[in-house]
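Each of the next two complexes has subunit A plus one other chain: subunit B in the first, subunit C in the second.
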Partner chain A sequence: MATTVALTKPKRGGRWSPWLFALPALIVYVGFLVYPAVSSLWFSLTNWDGLSATYKFVGLDNYLKMPSDPVVVTAVKNNLIWTVVTIAVPTVIGLLLAIALNGKVHGKPVLRLIFYTPAVLPLVSIASIWGWLYNPQYGAINSFLRLIGLDGLAQAWLGQDSTALWAVMVPAIWLRTGFPMLLYLAALQSIPNELYEAATVDGATKWQQFWNVTMPSLRPAHYIVLALSLIDSFKVFDMIYAMTYGGPGTSTQVMGTWMYFNVFQYYQAGYGTAIAVVITLVAIAVGIPYVRSQTKEAS
Partner chain B sequence: MSNVTRRGFLGLTSAAALGAGLSACTGGGTSTGAGATQAASNNLRLFTYEDDSTIGLLKAQVKKFDEQNGTTTTVDSLPGSGAAVYPDKLRTELLGGKGPDVWRIWGGQIGAPFAKAKQSLDLSPYYSKYGWDSKINTTAIGGMTFEGVKSGVPFISLGIGAWYNKSLFAKAGVSAAPTTYAELEAVNDKLVAVGVTPCGLGGKYGWDIMRLFEYLLEHTAGPELHDKLLTGAESWDRPEVVEAFTLFKKWQDKKWLPQGALALDPSDVEPWYVQGKTAYTITGPWTEAGAILAAKKSSSAFGNFELPTDKTPARHSGFVEGYMINARTGNADKAAALIDFIVQPATQKAMNVTASTVKGAEPDPKTLPLAAEWAQKYGGNPFYTIQDQAFPKKQADQYFSVQSDLLQGSVKPDAAAKKMQEIVSAWAKS
Partner chain C sequence: MTLTAPVQVDVPLESVEPAKTPRTKRGLVMTLVLAVIALFWISPLALLVITAVRPLADFIGNGPLSWPDQLTWANFKDAWGIGNFATTYKNSAILALIKVPLGVLVSAMLGFALAKLRMKFRRTVMFTVFLGLTIPIYITIVPVFIMMRSAGATDSIFGLIGPYLAFGIPFEVLVLQSFFRQLPDEIIEAARVDGAGDWRVFFTMILPLSVPALVTVAILDAVATWNEFLFALILLNSDAHKTIPVGLLNFQGQFANNNTGLAAGILIAVVPILIAYTLLQRWIVGGLTAGSLKG
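On to the complex of A and B.
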């Protein structure tokens, strides 16, 4: 009886209670996210140089000049290539490693540690390590190629437009494989063994079991891996900045680095902020399916 | 109800993502950079980019100043970042409202934005008060004067030249430094013939390998035309520039530069001449303390020479560095007193400044013999503005991009000259 009363007749002012509990977090949210976001939107409509006390409102000029900026075109293309490659390759390798580690393999804990370790290394350290490996004259990669007689393949990996972006993607793949591997491994371990036993009784081969039992069971994991990787890939900045600084020339610029260059180096904060707005809108657009799926599950 | 909740959550999470993305751009709490003047105190903060070889000397002198003046000065440094990163950090600090009272900065177009945005104080009253005009090299003061406003106090005026490894020159049978451009090319050929890469420069960031091109431009264009090119007063689309780009490509094609130079980090490559991996590099007198002495090598194993331009007057690339005062500091007088202390000849000597703008502060031949030799032989020669100070950062990066395309063979020298004209004329018109 008491419970029924509590549900149907809340105390006076009780409907505000959730807001009171949320208030501390909301204050932080508004102060550190909403206010800077609105400021950024405003600055993207100005010609602010990022240093001066004054600026002019220029409407949508910053957005309108983006398509005619050749570096933006290069950056968008690089972002697309980066996104496709750094999602597809680590996901496939991560899945294969997870399947291998889910079987009867000796030294599983050590192997898991080895495969996941790159993911916890600081990105700047990774960039330095790979920068040395790629050194054209003294780097291990070219030295190895020369050692095995493939001198013709030894080249300036980071020093030419044709290979620089791909060369940066290799360490990105190396460090990002551990994350999908862990997720897939957890998902694989949750698949009931009875499903495989039933499939075996029905005469299914290992290949058929993979496609008809394993893959459907991994669907939620696929979704999480793909959605998070997609968002992560699109906002790439650190690896490019640390390894090539957007070069040679502007050949490895991506939207994140080009935003940084404009805001922080060229004193074109208005234009750079407009680039940031575009990056954010695209990231939201690709993230919406993931958020929808999560809210559906929650409801 | 269920739908409304989902949509609400979706909207909230989207807004959160939008906020997170955009807030990364502005940083929390910054708006227009028009902060209030800070309160006066006895606490000063000096921001610099000294490395391990000199930061201790600076801190010792600052401590001495504090003892004499009752102040407490904190010295923060961002070493090794070069002009590509340090100004960003400084800018972020200034916009954050807690910028340093005094900061070190390069002259020319690197320091100019801080003066233009009125983040740095007009130091004219302090020039009068301390008589800096008569104590400091006039040309150097010009390098930190922007639109007629003396915004900085230059304390160092550095010249760029060739710093070489004597044993590798000897290995190639080179007994004397080249005095003409043709002799320099002959030296390069001899070095390559004995398996030594002549000139160690790195193209990452663009500014290091630029030192070669600007020298080649001085060689082909000569002083008067070179200066006009840098200000946009003459067109870059001309034979002298095409010839300079042609030579630039030649240096790479003949393996006078390290393999894959475009991707190499200057901080890795510059010490190679000390390590014996290249015969020489193009750098300034700081390399004696920063590369030679830091590697526990004797200065006598190395030498330097002004790159021969075959032109009169003989010039080398140069730039100034100095100190600015925060326009919003509450301690302007104490900050100016600190700068005045730093530019005293005794302080400059104690800090081992290799190319001081202050008379009576020449480098000590006993501690820095090569820097002293450079100052004595070439310090009096005129210099042209180093190109990453001659152009704003955006135009400098566009220029580096042209260099990169040329060295990779994707543009020809004549197209590179045309492209440079587009870049410089667009800037000159703006």
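On to the complex of A and C.
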């Protein structure tokens, strides 16, 4: 009897019930994320200054202007450098730390706690801390260089074009290493020990075991780390804004900050929005495989 | 600081090791190496603490890398007053207390509909919501600013609730629906046989069974809410309504030449999150890895 009842579809609530559960979140999501994002497409086709009551439709002018804007060129280049460096370095350090922590090490919980700590701090506070460490006169970094006799290397790290972007990426690496470490650690712990035992029986060296057992087993983790880091790296704004304000000059501008400057400093809301649209489309294109894989797995 | 306080962890990280001598020795070397790296890793925060508790004259006289001759709490008192932290703390706390429970509830409801109810257009809804993970906040700031201005909600922390909820929903739904999916259908069917409707199933079965996932999502969401900067920057103007990140930025400008005061202010801003993280790290770690690996 129980089986027959369980097999019939639930009558109560009917077809509409799922939507009652779904609607509150969907209304907020559409109202404050989808709708604003889509209406930005419209603003990007206007010459709106952000203040006036009226504006004109200018077609693709804002987009066509971009290649001849030297700051956009700098920003695109900086975004690319940022993406490559702040993905590659944290992923490699995170993997090495995870492998080390997965071995016979004492005090693992404390070590893991320390390495993940920067990831929970507000970006603005990380910017403050590092801005303070980089201080040319009283900063700890230059003091340390002077202490070990490398006075010549002490410099205004955030104040010169040649080092500013790299100086901002160091704290970004500091804060982004924790996540791959945690993920790899969890993945390493789920590799069955029998695989290693079998490899040992077959006479595989530690090095061979790493490339033929460990790395293939980590493939899902690699995928998640890369996908999430990639998505995250396009969002860069807070760190640059709080550490260098895009400077010196415009040397550390990225698309996110250049968009902000155009909208809120130069009163070119239409143009600023077009910049945001471009980088968002890239972010979506890059993120879609991940989003699809998550949707598929859940179905 | 409580940074290095040992914390109970549920995952059994250390496997039982019967063979002793050579491996233990290698373990010791590895531990030492990792300890040095960890010390280096945490040194910015350690320096911050040391600087915050010494007088400015001592800092300038002896340099940032020296051990303080003198200890003082005065920096914290100065920073607390000038940094307006009483106000920014209150604003950030109110915002998190309203936003986090609300966000977790609506996300759990949507997650339940996606995971356990026969909903039409399920995959479309899921794809659309998960796509939100890729959208940068700055694509929405101009329309959101206009929206809030016409609603008279700029310069109020309540104006932040809508945008914060919207940008939290994709991640929360992703984690929660994957957790709900693992709950056996049989118990839901059994409850239905007893005449329970969807709402009763949701509130009396799904939510109580999902407490670990709900707590994890709530903590991660609270951290994100506490740290959010861009919306707060464009929507809040007056000092009376600023949140911690925006307040800290202002403070940083005012204290540019007072290194010890600046260090104290930064510490004031991050201590609650460091304490919460240390106490709750087991939930954060479990949630991050489970949320992304199992998807």
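Please note the rule applied: the second predicted complex is superposed on the first by the 273 of 299 C-alpha atoms of A that agree within 3 Å, B and C clash if a C-alpha of one lies under 4 Å from a C-alpha of the other, contacts with A are read in each partner's own complex, and residues count from 1 in each chain.
Here is the rule we use: a contact is a pair of C-beta atoms (placed from the backbone, for glycine too) under 8 Å apart; a residue touches a chain by one contact, two chains touch by 3 or more.
Since the structure is predicted, the reported quantities are computational estimates derived from the model, not experimental observations.
Chemist: Specify the partner with more touching residues on subunit A, choosing between subunit B and subunit C.
Modeler: Subunit A has more residues touched by C than by the other partner.
Chemist: Which partner chains sit in contact with A:161 here, subunit B, subunit C, both or neither? Use first/second/both/neither.
Modeler: first
Chemist: Should A:179 be classified as contacting the first partner (subunit B), the second (subunit C), both, or neither?
Modeler: Second partner only.
Chemist: Figure out whether A:52 sits in contact with subunit B (first) or subunit C (second), or with both, or with neither.
Modeler: After superposing on A, A:52 lies in contact with subunit B but is clear of subunit C.
Chemist: Could you tell me if A:248 is touching subunit B, subunit C, both of them or neither one (first, second, both, neither)?
Modeler: first
Chemist: Quick one: classify A:212 as touching subunit B (first), subunit C (second), both or neither.
Modeler: Neither partner.
Chemist: Quick check on the superposed pair: does A:134 touch subunit B, subunit C, both, or neither? Answer first, second, both or neither.
Modeler: The answer is first: A:134 touches subunit B but not subunit C.
Chemist: In the superposed arrangement, which partner chain does A:106 touch: subunit B (first), subunit C (second), both, or neither?
Modeler: second
Chemist: Per the definitions at the top, what is the overlap between the subunit A residues touching subunit B and those touching subunit C?
Modeler: The answer is residues 29, 31-34, 36-37, 39-40, 43, 50, 131, 135, 138, 235, 259, 263-264, 272-273, 276-277, 279-280, 283-284, 287-288, 291-292, 295, 298-299 of subunit A.
Chemist: Please give the residue numbers of subunit B that touch subunit A in the complex, ascending.
Modeler: 2, 5-6, 9-10, 13-34, 84, 87-88, 91-92, 94-95, 113-114, 116-119, 197, 203-206, 258-265, 268, 277, 392-394, 397, 400-402, 404-405, 408, 410
Chemist: Within their complex, state which residues of subunit C touch subunit A.
Modeler: 3-4, 6-9, 11, 13-14, 17, 23-24, 26-28, 30-31, 33-35, 37-38, 41-42, 44-45, 47-48, 59-60, 63-65, 106-107, 109-110, 112-115, 117-120, 122-123, 125-144, 147, 162-163, 165-167, 169-170, 173-174, 177-178, 181, 189, 192-193, 197-198, 202, 223, 226-227, 229-230, 233-234, 244-246, 248-249, 252, 259, 262-263, 266, 269-270, 273-274, 277-278, 281, 284-285, 288-289, 292-293, 295
Chemist: Spell out the residues on subunit A that touch subunit B in their complex, using ranges where they run on.
Modeler: Within the complex, subunit A contacts subunit B at residues 29, 31-34, 36-37, 39-41, 43, 48-55, 131, 134-138, 155-161, 164, 235, 244-245, 247-251, 259, 261, 263-268, 272-273, 276-277, 279-281, 283-284, 287-288, 291-292, 295-296, 298-299.
Chemist: Going by the contact rule set out above, which residues of subunit A touch subunit C in the complex?
Modeler: Within the complex, subunit A touches subunit C at residues 2, 5-6, 9-10, 12-13, 15, 17-19, 21-22, 24-26, 28-29, 31-37, 39-40, 43, 50, 97, 100-101, 103-118, 120-125, 128-133, 135, 138-140, 143-144, 147, 174, 179, 182-183, 185-187, 189, 220-221, 224, 228, 231, 234-235, 237-238, 241-242, 256, 259-260, 263-264, 269, 272-273, 276-277, 279-280, 283-284, 286-288, 290-295, 297-299.
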